[in-house]
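Structure in structure tokens, see below.
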Amino acid sequence: MSLTRVQRAAQAACRRMADRQTPFIYNEWYVAALSREVGRELMARTILGRQVVLFRKEDGTPVALDNRCGHRSFPLSRSMLDGDTVVCGYHGLRYDENGQCIEVPSQCNCSGISIRSYPLHRQGPVIWIWMGEPEQADIDKIPAMPMLEEGWVTSEDYMDLKCSYVYLHENLLDLTHLSFLHANTFGTPDYARAEFDTDISDDRFLLKRYVVPTRLPPVWAKPTRLEGKDAARITTSDFVSPALHIVHGEFYDIALDESERPDQRIKTAHIPTPATADSTHYFIVHGRNFALEEDEVTEFMHQQLMAAFQEDVVGLQAVSQMIEEQGDSDDYYEISVKADAASVAMRRYLKRRAEAELTEREAAVAVNSTPNKLAPA
Amino acid sequence: MSLTRVQRAAQAACRRMADRQTPFIYNEWYVAALSREVGRELMARTILGRQVVLFRKEDGTPVALDNRCGHRSFPLSRSMLDGDTVVCGYHGLRYDENGQCIEVPSQCNCSGISIRSYPLHRQGPVIWIWMGEPEQADIDKIPAMPMLEEGWVTSEDYMDLKCSYVYLHENLLDLTHLSFLHANTFGTPDYARAEFDTDISDDRFLLKRYVVPTRLPPVWAKPTRLEGKDAARITTSDFVSPALHIVHGEFYDIALDESERPDQRIKTAHIPTPATADSTHYFIVHGRNFALEEDEVTEFMHQQLMAAFQEDVVGLQAVSQMIEEQGDSDDYYEISVKADAASVAMRRYLKRRAEAELTEREAAVAVNSTPNKLAPA
Amino acid sequence: MSLTRVQRAAQAACRRMADRQTPFIYNEWYVAALSREVGRELMARTILGRQVVLFRKEDGTPVALDNRCGHRSFPLSRSMLDGDTVVCGYHGLRYDENGQCIEVPSQCNCSGISIRSYPLHRQGPVIWIWMGEPEQADIDKIPAMPMLEEGWVTSEDYMDLKCSYVYLHENLLDLTHLSFLHANTFGTPDYARAEFDTDISDDRFLLKRYVVPTRLPPVWAKPTRLEGKDAARITTSDFVSPALHIVHGEFYDIALDESERPDQRIKTAHIPTPATADSTHYFIVHGRNFALEEDEVTEFMHQQLMAAFQEDVVGLQAVSQMIEEQGDSDDYYEISVKADAASVAMRRYLKRRAEAELTEREAAVAVNSTPNKLAPA
């Protein structure tokens, strides 16, 4: 079948966008776990294709090591935590928090045996991890989460998503889908047709929707007491990093003057951490700056939101299955529309980052495998 | 291990026969569904490796489109049927029955966005589909099904077969297996040793068995009232197309003169539609030209036949598993016997067809990717 | 990440050791089944990646044939045993015990059709099989199992292990893991630190541990009546062939003079037969040379040992999963320690054997495919 001009253009555009086959970006801070998940039980988690074991030291500091014992590949997560050390459950190699092997039964010396340890950093309810080049780990580059500032209350959760993290980012950067995928929860029919602006720079991608006037869905209407009123719903989708997307929302009664409006905003951090090419750890930290003392509001919003995000999980998994099955057919490509502008830019950015890193890694390998000139021929 | 001359010959012969790795033949009419399966619910079905969505328009006309939304690959089968259009459940793109996108929320123009629609044609209880080159679709090439003519009654059914369609065709073209695989249903011990003729042309392959005299199994004996009598059972296996095989049977009391025998024939259409390399939609349309008014005969024969065809499904799936597991070992090949003559010719024909099509497709791609001479360098 | 000198050395060492990707060694006797498993029911078993069907003739002689019918790949294990012949359940080809086809329905001649039969040899509770080049099969090369000699009593069992046989051999050649993986069964904390000798030759690999003094775990203490006493536990891990590992143990009260000690030894044959790259048939034949008449001792030791070996199965499967998931990451390699000396030598031996065989097979194929000089050009 010969292709039309639009189809050829779409094919060419696709080749520049990240997809499930794009390599991971390693030199980036990702969230490894909710803080409450990590304790004195050894816990395995696959991050960027690599199995990691997480635990807390006796003083509460979290630690992340390779989950694979360097000796004969036994999973340390099925081993024993002894004080601040991990003793492999197969042959008893003992590792300290830095991944150094400090004991090998039946021999004195164990110098030189080690596994990788990964820098961690706790930020409120989440723990960030650095899986990239160790020398590039820089805590100052961990992105801010404004809903963790004073004057906000938050709740957090975790979902297992069987889909590449790329498509979760894309899902968030265009909320057209609220009217369709979330028709039964927090979408309204007017959402998809509302005006929007985009703001696209080298590494930051925003899309802002103005749904005015509208009727708010219960998740926003009840806590803001805007039920049954003509309201404004202004939402910004904000790609902060490959590891973080923040949705900012504000709501007000359009009958009120700007000066009279109470400040009622929400900020939801959507945090995708790639596990494998087709699975993602999906962390959520949701915050609001009103009704701060009302626990039942926290619980109500949390339940409503998680029900809606579960719809994203189901929908994205349907997309992921389709791509896995049909993605290598001759005429597989995606056609983009106007509302995808920010998302397409973001996917190009992910692809550029991934490819640049790959080039660097290959160059490093080439340097490392240069024959040693001092060695005998 | 060195091979004998017979083994080498078998190896060479195998390389010319279609098997599970042979590409699909696209330029052919296949049955997409039983007519009764398609309604106002969106229905997904994988045909020749491609996901299709099927539904009926309000006027009852059946429609087949790609199941993948051209925008971001959401399955249309999980979307919404609105009048005669399908609205994608993710971002709301609306497609008409021709696969043209006629609405994209948040933009006016959607020209140029489309997905494939597939020609359909209803023939009695089945709906045929054309998955090949659109310009080659020709309703006149849909093969006839003689049991749909006047003077016959039919029943139909569907089975899911986890095996390449090639091996179902082969199963049908030599009914030696009735004595073994169907020993408990409609096979009799004398079947395998009965005489047979073959009729092999370029694209049609027949094998006719004369089991005379014999005792008929219940499925044929009861409706023909030939129980306990010395009967003739004359069966023709008839490969009509890659999508259709018809088994013709006639039965009579051998004590009767030819002029006295009632005309008692059956014709069963075995309709294999490839889903994937190792799975097949297996449709059945069974007809007879006697006892036309007796519904209980229809029901009795249908149940008896489906029980027997289920034995084929189980047997073919055992073969399929064996081939998947052992098919790449060094000494994997099939040795053919005399009764395979028609089947081997048929498998060579499928392979030639598949390879000829592949050559055509590759040539077309080469032409399409020739640089445009008018474009600036 | 650049690697340290130790890491580079470990990487290089790994490339010389057999692992799950190393081809099978075919020219070797393996155990196909426990004798009691094989009877007049057709039984399928995958050995060295090949499906075999096992049964006994009417006179009790065991037979092994390819499980795949040479005609159209139907599994003979789902067919019919008729006297000493197997009749394929699909088209009725009949095979004798040598794999010769002796009947094809609807034709007279079936010369030249055959499947492989495999030499078998019964040795007490096990049946050995030869899957290699037929002309190299030599019953005299079946390794001895000393626990089958007079003066010993034995029990036997079978486990399904989802792990390459290479790692089971390695598990056995260094019993450091008794202190960790078997901490709850027959390991004691002092085991891992006990002194050991190794004895490494071209094709035989031994490691001997002297755990003196120690307290014996119940499995050894109860039958030897050494409970609560300071005892010696001297264990030899003995790689006999790719198909057989024997653990020899002796136990005595260290308060007794050598001349006063009763002769209390055990010998356990650990018999790994590769099924696929990641699965192994794990047979056990355990024997002792004391308390010969006491059936309850046999039962007690058998239950205790099988519980402990089940811990190996669970642990090895955890290793196998880790290797399958992480084994192709850039920095996957195993670091060996002193106690691995015998095991590393053994894995190098397996790799050399496998590669030498592969070279031979490829050379044979090259010879076979040389054009016949007498054939017309």
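Order of writing sets the chain letters: A, B and C. Residues in each chain are counted from 1.
By definition in this document, a residue touches a chain if its C-beta (ideal position, glycine included) is under 8 Å from a C-beta of that chain, and two chains touch if they have at least 3 such contacts.
Just so we're clear, the structure is a prediction, and the values are computed from it rather than from any experiment.
Engineer: Quick one: how far do you have to rotate chain B to sit on chain C, C-alpha fit, nearest 5 degrees?
Structural biologist: 120
Engineer: Can we say the copies chain A and chain C touch using the same residue numbers, with more than half in common, or are the two sides different?
Structural biologist: Result for this pair: different.
Engineer: Provide the C-alpha centroid distance between chain A and chain C, rounded to the nearest whole angstrom.
Structural biologist: So the centroids are 46 Å from each other.
Engineer: Of all the residues in chain C, which ones touch at least 2 other chains?
Structural biologist: Expected reply: no residues.
Engineer: Residue numbers of chain C touching chain A in their complex, please.
Structural biologist: Per the touch definition, chain C meets chain A at residues 1-7, 167, 170, 174, 176-177, 179-181, 192-194, 196, 315, 318-319, 321-323, 325-327, 329-330, 334-339.
Engineer: Would you mind writing out the residues of chain A in touch with chain C in their complex?
Structural biologist: 46, 49-51, 67-68, 70-75, 78, 87-93, 104-107, 110-113, 133-134, 364-365, 368
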